[in-house]
């Protein structure tokens, strides 16, 4: 038993837990190979007073929340639409998954070229006479709300959530829905009492993954966002590579804050899902 | 069905497909565009410069391709095997501390890799792993282990141990049981798990930057550098190059799993839904 | 074997060759490092011998494609003839390379992965503070006879004495690149006239956010203008002299914001973004360090035809940039060969001629032989670029990097985050 788990647990304990532990240590002032330094919470105090960090927390939450909600809703709608397709369903399913293997970095580049003020959409606007100069096109990249950032996340995550939802809607579901319909249930009632409960676990679990990912993503906001306010991972990395080594504990502190925020969320989620849904990972019903 | 619903169904699907496919357009256009300024809708001239950049030894794109491939394949193999054993433990056994193990193995899906790798980078340097492909493979295990574990535990959860028992009863040795009974049953799921691991490793940027930093150039790092320069043509070409191998691989796997997720493949995906 | 051990055994069996495969190759493939015997730069023949077969890992800003072509083409070719392989490692910011050397030193790594860095200013100063550099060799390089090391302009890097810890490579004077159809001759003579033009044509000018290297230079340019010149800031950092002009500067820049691109609500993340904006016609002017790369940009298509550049009457900031070798570098001999090659008349000519990035040579032309002097005199002077002698006469010095850091920090607090 332990031997089965050893190959998985070893990298996780050493690299993941170890990384977190050393991050905490370094945020408290411990700087390896540089001799002993005073241990203090100075880095965290500095964070609380740093406008870049304060702004980053709000922005990161906002972007993650909006991206997750929009993706989840669109994914469910898409899955239902696809299920309803008769002929050509295989083609549609295939096209639905076409951007699954696309790295987020490439998605960010696409969005830059598509949504930029001199990008493809703006040029389309010019062709139909709505846009005269790039400045007339709305600022979607490097903007206050992170529109292009959210757009990239939604573009990538709708198929991700959608595919898992589709997998949850196996053939048996159609039979149950038919049964419900024959008992006089309307389309909305079918959805609420048959479909929705069946897809809820899938939507919930993928949503948590999406939220956590969008919260911690670096390459998308650094390419599509603005220097201030930036998201937490961007601020963390910038502090980390700051030549002023005094910024290093602060970078670690931000990393710890990110971990704690997201970790709390998943703990809450696991507790709630156990209470509501009564199931764990894998396992038999 | 009401008229509104019918309209939604009619318009919804094409809209969805347009939304999914449109972002590929700028990559295709800019990859062959020479002198492509606002407000031109189509490139005024086409150029093969971006394409030549791919094979030019000066640009190190081929080195990046080699590094990306070796690393991603290694990660897929190692993570797949890890998932095979961990998935079996979690899917087929009940034991004390199961919750804790689940939590530990899932945590990297949730906790951003950047956050923990910042803390460990100095040790990678110390023990000579920084700037090596081995170091990059190791750090890529962190985000991939949770996914392979999820998929494989779901696969094993739906695998009836009675098959193994029957085989043993019929006189098969332990090796034969694994190889001839269990492995074929879990193979589709294993393929999906390994594919996930490959995709995650192939696309990884920030972890490779932190551990490989400069010495190990993978395609995402090269792409990021080109995006940061004024050369949009090169960035678009490299973006397409980054996308093509995973797409081919995904297509290949789909074909090998007989064109659509069968029961095993579906259960693998559903494994993601059973957190 | 028991069932439990099976997957583990399989894992171990598969792991071994995979890890071997992953471990070998990749990374900085070096065939040999410097011998433990100390290198004597004065004995050039011994340095050349030690360098043969080595690979030099040169970490440099990689956002300039013409410069990359020069490095990986011409320079790499010249080094190959001496048995040295050049491995250019492109980075987005020089601070990354300094951080790497620092990190490796802290972690106790003996043979560093960084052999040479293209560097100046704050980054060099950080290295001096942390004792990162290998020193004492530049004056002993064979091609150093063409350089005047006593010239204060290159003996001091952003006000910090170089003391033989880095070799000069390029000289540059910043310029204003602009669209002559949108800006007249009178608009490009000074910071004041530029700001006035920007206010009449809002949204058509911007600068990258510090700590981007060029953005930092832009803020310094405006600072010199607000303070009436850099004279009082030469020498060490003096907060009393700094505070009043800095406050004036933040007021001016905040007043300018509504006239900037995106109404000053944000700034481009880096200089390449500014270039892209200009190329797409979203802005009409920008400041750049690359005074002699304008024509190659036009040729390559990253700048529109007809682009022009200008220096202010009061002058523009200029500086020298250098190549530095970390003290822990694994291939110092090869790195010294590279540093020497970069200051050879041939290499400086090729680049100045616009085939590469086109930078201003650091060599003292009167020390060259007649043939090379003639070649330098007949370098092409495209109309898009400011002539080299005009540039030389309008160069303002850089100030101590402590001012640079202070300006970057205060800009962030007073302008960006407001």
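A, B and C label the chains in the order they appear, each numbered from 1.
In this section, contacts are C-beta pairs under 8 Å (C-beta built on N, C-alpha and C of every residue); 3 or more make two chains touch, one makes a residue touch a chain.
Bear in mind that the values here come from a model prediction, so they are computed numbers and not experimental data.
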Chain contact topology (line, ring, star, complete or other): complete
Selected pair, greater C-beta contact count between A-B and A-C: A-B
Cα-centroid distance, chain A relative to chain C, in whole angstrom: 36
Centre-to-centre distance between chain B and chain A (centres being mean Cα positions), rounded to whole Å: 16
Shared interface positions of chain B, touching two or more other chains: 37-38, 81-82, 85, 88, 122-123, 126, 224, 232
Multi-chain contact residues (two or more partners), chain A: 1, 3-4, 6-7, 32-33, 118, 134
Contacts with two or more other chains, residues of chain C listed in rising order: 7-8, 11, 96, 106-108, 280-282
Complex interface listing, chain B residues touching chain A: 1, 5, 9, 12-13, 16-17, 19-27, 29-30, 37-41, 81-83, 85-91, 93-95, 98-99, 101-120, 122-123, 126, 138-139, 141-142, 145, 149-150, 153-154, 156-157, 199, 202-203, 205-206, 220, 223-224, 227, 232, 235-236, 239, 242-243, 246-247, 249-250, 254, 259-261, 266, 269-275
Residues of chain C that touch chain B when the two form their complex: 1-3, 6-8, 10-11, 14-15, 18-19, 21-23, 25-28, 57, 59, 62-65, 68-69, 72-73, 76, 89-92, 96-97, 100, 103-104, 106-109, 113-114, 270, 272, 275-276, 279-282, 297, 301-302, 304
Footprint of chain C on chain A - complex, ascending: 1, 3-4, 6-7, 31-34, 51-52, 55, 117-118, 133-135, 139, 142-144, 222, 226-228, 241-245
Sites on chain B touched by chain C in the complex: 34-35, 37-38, 58-59, 67, 70-71, 74, 77-78, 81-82, 84-85, 88, 121-123, 125-126, 128, 130-134, 136-137, 174-175, 177-178, 212-217, 224-225, 228-232, 234
Chain A contact footprint on chain C (complex, rising order): 4-5, 7-8, 11, 93, 95-96, 98-99, 102, 106-108, 122-123, 126, 203, 209, 261-262, 265-269, 277, 280-282, 405, 412-413, 416-417
